[in-house]
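As structure tokens, here come the structures.
Okay, so subunit A shows up in both of these, paired with subunit B first and subunit C after.
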Partner chain A sequence: MTHQNIKKFSLALVGIIAFVLPLVLRSPTYLHILVLLYFYAYLTTSWNLVGGFAGVLPLGHAAFVGIGAYTSTILFLQYGISPWIGMIVGSILATIVGVLIGLPTLKMRGAYFALATIAFSEGVRVMIENIDFLGPFKLNGPRGLLIPPLNTGLANFLFVGKEPYYYIILIMLIMALAFTYFISRSKLGYYLNAGGEEPEAAMALGVNVARAKLIAMAMSCFLTALAGTFYAQFTLYIHPRSIISLDLSFEIAFIALIGGRGSIAGPVLGALLLRPVSDFSRIYFGATLPGLHLVIFGVVLVLVMIYQPRGLQEPLTRAFNKLLDRFAVKTTMEDKK
Partner chain B sequence: MKILEVNALVKDFGGLRAIDTLDLVIEQGQILGLIGPNGAGKSTAFNCIAGVYPPSKGDIIFSGKKINGWKPWNLCKNGLARTFQIVKPFSSKSVLYNVMVGSFVNTDKKDVAEEKALKVLNSLHFEDKKDIKAGNLTIADRKRLEIARALATEPKLLLLDEVMAGLRPAEIDELVQIIQNLRDSGITIFLIEHIMRAIMALSDRIVVIHFGKKIAEGIPEKVASDENVIKAYLGDEYVVS
Partner chain C sequence: MIYILEDAINGILMGSIYGLTALGLTIIFGVLKVINFAHGSLLMVGMYVALWVVSFSGLHPYLALIVVVPVMYLFGYCLQDVIIKPIFKAEKDVREPITVIVVTTGIWYILDNLTLLIFGPQYRNLPDNPLKGKMLEIGDMMISVPKLWGFIAAVSTAAAVYWYFQKTRTGRAIRATSLDREAASLMGINQYKIYNVAFGIGTATAGIAAVTLVPFYNIFPTVGVLFDIKGFIIVVLGGLGSMGGAILGGIIIGMIESIAPQFMTATWTEAIVYGLFLVVLFVKPSGLFGVKYDW
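Our next item is the complex of A and B:
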């Protein structure tokens, strides 16, 4: 077997395991943890388009999750429009907002862009917290919106068990990963990487850096808002502090930085590592040491930044390739026999 | 045919006049050298032509079009490429990746871009290093990478900003050969250089600037013996009269 074949094979194996897992794992608690794990992996993959490839550090992506969640929920509750349609409407809205925010801010460098995005997402949160009615739309201020679990079924994006949600977010994650894989190998991917690393050199080579970043921002916002609708339909209750919180924005960045910014596998690895820490520390230390997971994240981030500044995906990929070498050598020797 | 024409170019930075009514003409297929003491305004002139700074006054005409205030990426698409004095490789990426960023200018397809990048690397005898990370290259190879990336954009006019600084004599000779080959392949070259051996050997004409003003222009031999040039470089007492 060649390297390429083994890689494809192991990727397929992981995919199959992910698909049959709910058949084995019956506990709703674990399924819930897994759904949230995929949800964060998906969010970070979306974030990675602009935060990883384009080399900027957006710290306000929760705002786009919020826009997606609120749009589809309001359309569903007030007008009875299926959340599937609301999902697309919310994403288009988030894309427009993202482009409007990106136009002035993407020109900023480093920490200034991060601060601008924090300010923007906090602004959105405070606004929604203080507005009960935005024109005809009921936002319900800080009390949030409750989706009554009536008329369950695929058309309404409402299910009794956790399994359907599991499969929906899994498929969304796979699609997002495939999309970023495709982008990273396209002209836009090359342009984003170049513009993120050395903007002046990129411009001299014909790259309109600002335009490339804006396109990445638009795509990232679109994907992020899709997850917002999913979250609303999954938890059935959204309020500004749960969905547009800085905690969420920061956790996405934590996962990306620890897993490896700008790589395809990084967000998934980061989520695989950090989500269990977060969930189990909440289960076991939630009463005595609330917020312990954030302390652990901080320590892990510091260690990773010191020893593996390009994220954990790099040593892991290296180890995986070494393992592949060993396998490949063994099999070729057997072939000769 | 004139490929680049600079008419009375002025560039002010606040109260400082970095370029003072500079006139330049480059004919198609020529190599024009630009020299001058440190701080004379050579790189500023390059940056104005390459679209990094908009000129304060004057016109820059590139293949018949006035390009004042054009953005660098549009100039590049129209056939004006440049290298940087302080090399700026995409360090975390391979040499091939770096060159492909340039070759994507005229295509959207990855295969086409890759093929063209490999062709450029071959022409620079660089293909054996295509998979090395740009950040791990020696300074000579980084300079060569700058040229390779610029060439991948298929330029008509190539601005080379001190590509030989910091190189060993053998490496300089190799680069002189490469630049001559480029000219033979039809690319017009405008170069800034401090290495006199190289610029004398390469240039068809040389322009000397000092404090942003042109003080001499002509064929290399004439410029080298020009009184004003010797004064600017060495001081008044070195002029043999």
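Our next item is the complex of A and C:
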């Protein structure tokens, strides 16, 4: 087999494993952990569009998760509109907000952009905490919104078991990854890459860096808000401190940075490595050693930044390619003919 | 009216302490061109050190400065030397490396959660604190004594650091490095040593802020986050890299926090502060008193 074939084969194998896993794994605890793992992988993949490819550091993506979650939940609870429609409405709203925030901030460099996004997301949190009624919409302030698990079914995005949620987030993740792959191979992807590495050189070549970044921001916000609706329907309870927290924003960024930002596999790899650490240390040491998983996150982050600034995907990809070399049949010029 | 005046004065005093916590942030940014996300955590470390010194030795809370300042200076110096310097060297060509911001965030998480692991989440106070709830009565106004000392500490620290940067040899070297790294290196200044010193000074000012906070503030592992976010807002408001701007920015935030609750629900003041921050960022990113940078 050639390199390409082995790569396709292993990708298909991973896909099949992911799809049959709930049939083998019956424990709801493990399914819950897996759903959250995919949820974080999805969020990080969305973050990666702007944080990875555009070369800026957004640290307030939780705000867009919150906008998505609140929009669909309010429409569902007050007007009975299906969360599937609310999901799209929330994403469009998040995209508009994201573009409005991106317009003035994306021109700034590194630190200013990071600070602006932090302040924006904290501002959104404080606003929601202080508002009980926004016009006709009931936000319920710091108490949050509870989704009663009645009328379960696909139309209401409410299910009894965890399996449907598993498949929904898995399909969302695959679509986000495919979208990222498509973007990274498109003209926009190359513009972003050029603008992230050498903005002056890119601009000199006639690339509209600011516009490319803004488009990336809009797409990233759209995708992120979709996950907000998923989170609301999965946990059935949202409140500002849980969903628009700095911790969520930072965790998304950490996973991407450790996995390898700007690569397609990086975010998934990061989630795959870090989420189990966080979940299991919370299950086994949550009572005795609180905060252990965050210490581990911090240490891993610092070590990765010092020794592998491009993330863990780089050495792992290299190792995978070496492995391929050993098994793959060398394609020579004769074979190709 | 007298209440508003009283609130304004207390706001100025508390605000100057916010300014003191932001001072280190602005010093470190001015020289390294990096936002130190771990600054609040360093403040938290300083508060714990001050708490131990006072409770073990039984000294007056402000005498803890003698121990806290050198300890924090060394801590910051080593942190920069061991963890941040290697990354700086690796990303020499990047004017403002994102990797360094990320690493300071990592340090923030490690420090906060390590403290939580070791000392637990409970709130701590100074045992038999002589300054607890002490008030100065001027006419009908009540002014908090520890906050007044905080104000004095903030102003004198800013003045001292300013004098140090203007008059001493190392201070001049620091300013030269902050203006132009390459040119400073060519003049025989070891830029990495300057970074260490600047980071140490920034951390030491966080230590001074910690000592002034300890007599009237609760100490807990995530106390830094509160000051961290405020610190970011203050330095951008005052202008990143400007020391006077940091103190004045702090006073503005302190005034808003103390006067605004007279007119609205107290929790809304936080929203006003974030709103003001975003407006300044959009309209005048160089801040109210800052030098214009090229971003």
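The definition used in the following text is that the second predicted complex is superposed on the first by the 328 of 337 C-alpha atoms of A that agree within 3 Å, B and C clash if a C-alpha of one lies under 4 Å from a C-alpha of the other, contacts with A are read in each partner's own complex, and residues count from 1 in each chain.
Methods note: contacts are C-beta pairs under 8 Å (C-beta built on N, C-alpha and C of every residue); 3 or more make two chains touch, one makes a residue touch a chain.
Since the model is a prediction, treat every value here as computed from it, not as a measurement.
Contacts of A:Thr105 after superposition on the shared chain: subunit C is touched, whereas subunit B is not. Once the two complexes are overlaid on the shared chain, A:Ala202 sits against subunit B while remaining clear of subunit C.
Once the two complexes are laid over each other on the shared chain, residue contacts for A:Ser186 go to subunit B alone; subunit C is not touched. In the superposition on chain A, A:Ile118 contacts subunit C only, with no contact to subunit B.
When the shared chain is aligned, subunit C comes close enough to touch A:Leu57, but subunit B does not. In the superposed model, A:Ile88 makes contact with neither subunit B nor subunit C.
Contacts of A:Ala194 after superposition on the shared chain: subunit B is touched, whereas subunit C is not.
More residues of subunit A lie in touch with C than with the remaining chain of the pair subunit B and subunit C.
By the touch criterion given at the top, residues 55, 57, 104-105, 107-112, 114-116, 118-120, 122-123, 126-127, 129-130, 246, 250, 253-254, 257, 289-292, 294-295, 297-299, 301-302, 305-306, 309 of subunit A touch subunit C in their complex.
Within the complex formed with subunit A, the residues of subunit C that make contact are 29, 34-35, 83, 86-87, 90-91, 95-99, 101-103, 105-110, 112-114, 116-117, 121, 221, 225, 229, 232-233, 236, 240, 265, 267-268, 270-271, 274-275, 277-278, 281-282, 285, 295.
Interface residues of subunit A, counted against subunit B in their complex, comprise 185-187, 190-191, 193-194, 197-198, 200-209, 310. Every residue of subunit B that touches subunit A in the complex is listed here, in rising order: 50, 52, 71-73, 76-77, 81-82, 84, 88-93, 97, 100-102, 104-105, 107-108, 110, 113, 149-150, 152-153.
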